[in-house]
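Take a look at the structure below.
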Amino acid sequence: MSDRYRRGLDVAEQLANDKLAHFVKSGVAEIAPDFARMVIEFAFGDLYSRESLDLRSREMIAIAALAASGHAGPQLRVHVESASSVGIEKAEVVEILMQVALYSGFPAALNALADCHDLLTDDNCLTRACG
Amino acid sequence: MSDRYRRGLDVAEQLANDKLAHFVKSGVAEIAPDFARMVIEFAFGDLYSRESLDLRSREMIAIAALAASGHAGPQLRVHVESASSVGIEKAEVVEILMQVALYSGFPAALNALADCHDLLTDDNCLTRACG
Amino acid sequence: MSDRYRRGLDVAEQLANDKLAHFVKSGVAEIAPDFARMVIEFAFGDLYSRESLDLRSREMIAIAALAASGHAGPQLRVHVESASSVGIEKAEVVEILMQVALYSGFPAALNALADCHDLLTDDNCLTRACG
Amino acid sequence: MSDRYRRGLDVAEQLANDKLAHFVKSGVAEIAPDFARMVIEFAFGDLYSRESLDLRSREMIAIAALAASGHAGPQLRVHVESASSVGIEKAEVVEILMQVALYSGFPAALNALADCHDLLTDDNCLTRACG
Amino acid sequence: MSDRYRRGLDVAEQLANDKLAHFVKSGVAEIAPDFARMVIEFAFGDLYSRESLDLRSREMIAIAALAASGHAGPQLRVHVESASSVGIEKAEVVEILMQVALYSGFPAALNALADCHDLLTDDNCLTRACG
Amino acid sequence: MSDRYRRGLDVAEQLANDKLAHFVKSGVAEIAPDFARMVIEFAFGDLYSRESLDLRSREMIAIAALAASGHAGPQLRVHVESASSVGIEKAEVVEILMQVALYSGFPAALNALADCHDLLTDDNCLTRACG
């Protein structure tokens, strides 16, 4: 296990994201194991672990950029799930997605809200366990 | 002048952005005056002025989403110029653009860096006057 | 209820679109009620209600732009459903989607046709009730 | 000269567009002559010449779809220049570009307006000769 | 049947692609028969049949461009299915999709891999019959 | 200098691309030196150096994906300049760009041809020195 990979897993742990952990040994990993490793090494090990931005800012940026692209629903869900682990509230996620309408149009914003509907309905669900 | 427009100008003032002020009576305003007004009213008066996110977060989101789209160089420059007014340092802008490479590819990130090259070269220029 | 909202609902009524009416109190409205209101106020109240273009032209533009974006299937369906209310025939919708292939490629056009397949199969279904 | 090519040139003539005529023997034609021919044959000869939509509708669709894509400034200019030949007024072109902001965001609309600024400044220039 | 159509079917046969054959008389053909014909005539009859590139190169290009666009899952599947008929191995398809991450970002590459997951799981399935 | 960086430079050398070499110490490197290094390490050191695809195939994929995105003119030029070093002829580059029209529309293909016009005019220029 490379240092970059270890650093990537450290970041993933701080994001407390089961989806991310699951990703390492799932679908993509099955057909493209080197690529799954590279995502952890490069995205999380190389970029996310840099200190110039805190993880809260990085997750806001991820949510904004993914919603803006219009075709990244699954990745958007992963980062919306991580949001609460770094102190981003649901109301803030909704606000980010609304702002994206300015830059990428209403369909991108509306589809992003729909893609994450279940993750954003219960006001408390992102900051504590949902019963 | 509508309340929404006034609220929009208030936000623009906090962003201390001459480009933005210029925009109100320039190019676009000349051929589409109602649209220039709507941008101020809707983008800044309706959305930016909401309290769920502070302006620092909103400008990070703007920079991320605009860079991610790949075709919004002029708008990206406006928001990179506003960044320092809300406490975002140049090194942070660079870091946001680097992170966008993950979601929209290297060309989008490289072109965003090139589009804002002059705004990002001098390390101090965004946080205090450049001589 | 603001004047802008009322004007937006007036337009929605002319589009005789249940989907649109439904939208006001549904999915998005549940997690982002202010955004659902803004869509009605801004999209329909501010822009669609302007007299420079008739609603038939506006719906053609909506269908063309949504299909061109490649990621707006749900919104495309809403506007294809409204098309008949403003005198656009099914054959014309198909023709618009075919033309979009020129600007955004065949996949965007083919996926738009597939997204609206059920709305476009019966020749009469858009201009009178389908039994 | 194929029938499809001749039909394409007929359409181009109705659009009274020097840019289009110029295109046939210019830049692209020099390095990709077969492609320049295919554009005339397929875009104008096969699609535009179909009777299901009149040329006025087709040009509205072209302007909407090209502005929506965000990266088609040169092609947008060609079609904005053709607009007056098929009875579309400048104020209508501006209105189409404003509406595109809904679907593709403000930057796409603002850049489209800027790309065509000189074509849209004089109120009369599209409907009669500019002195 | 035009010469262009016949040439298009010849290419389709070399791609040994049932999906493609199916496409001719299916969904899209039902609501837009002229468009289904044009796809065969223009895409396969006019472009693919040109000798400047062999079909193996053309399918690599198709897979790269479709994955890069981020919204062409169904078309990507058609071309990944054709890949083996022109000598492209599964490992090469995976490698193309990985490389696309550089130009269009990780989500486009990850979604392309997910869209074609079943076509890429069994190592032998593209080069000989799967039992 | 990391192994990954060294491997990246090796690939760059095979592409015999001055633009690429220039990139290492230029514009982007000035404001984002870590990012310039990461591009070499990740794009060329990690991905391009993998043996599953030869460099000729990789450059075809790069050209197709970059043209398809519609907003990567500068990067497209870099790879079109590298094309001849790996045995891709100008006529083949033109053919790739023509094929991209199918997937991303005519404007993307036409703009790609225009972006690389000077690199594609002289028939011999890519395969031997131009006087």
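The first chain written gets the first letter, and so on, giving A, B, C, D, E and F; residue counts start at 1 in each chain.
The working rule: contacts are C-beta pairs under 8 Å (C-beta built on N, C-alpha and C of every residue); 3 or more make two chains touch, one makes a residue touch a chain.
Chain identities (UniProt): A, B, C, D, E, F = Carboxymuconolactone decarboxylase family protein.
Computed from a prediction, not measured in an experiment: that's the story for all the values here.
Same interface as E-F, judged by over half of the contact pairs sharing residue numbers, among the pairs C-D, B-C or B-E: C-D. Centroids built from CA atoms put subunit F at 40 Å from subunit C.
Between the Cα centres of subunit D and subunit E there is a gap of 30 Å. Under the contact definition stated at the top, the residues of subunit C that touch 2 or more other chains are 34, 38, 42-43, 47, 50, 66, 69-72, 75, 94, 98, 101-108.
Contact topology of the protein chains: fully connected, every pair of chains touching. If you check the complex, the residues on subunit F that touch subunit D are 70-71, 94, 97-98, 101, 105-111, 113-114, 117, 120-121. Contact residues on subunit A toward subunit F in their complex (touch as defined above): 34, 38, 42, 46-47, 50.
For subunit D in complex with subunit C, the touching residues are 42-43, 47-48, 50, 52-53, 57-58, 60-62, 64-69, 72, 75, 91-92, 94-96, 98-104.
Residues of subunit F touching subunit C in their complex: 101-108. The residues of subunit B lying in touch with subunit D in their complex are 27-28, 30-32, 34-35, 38-39, 43, 66, 69-72, 74-75.
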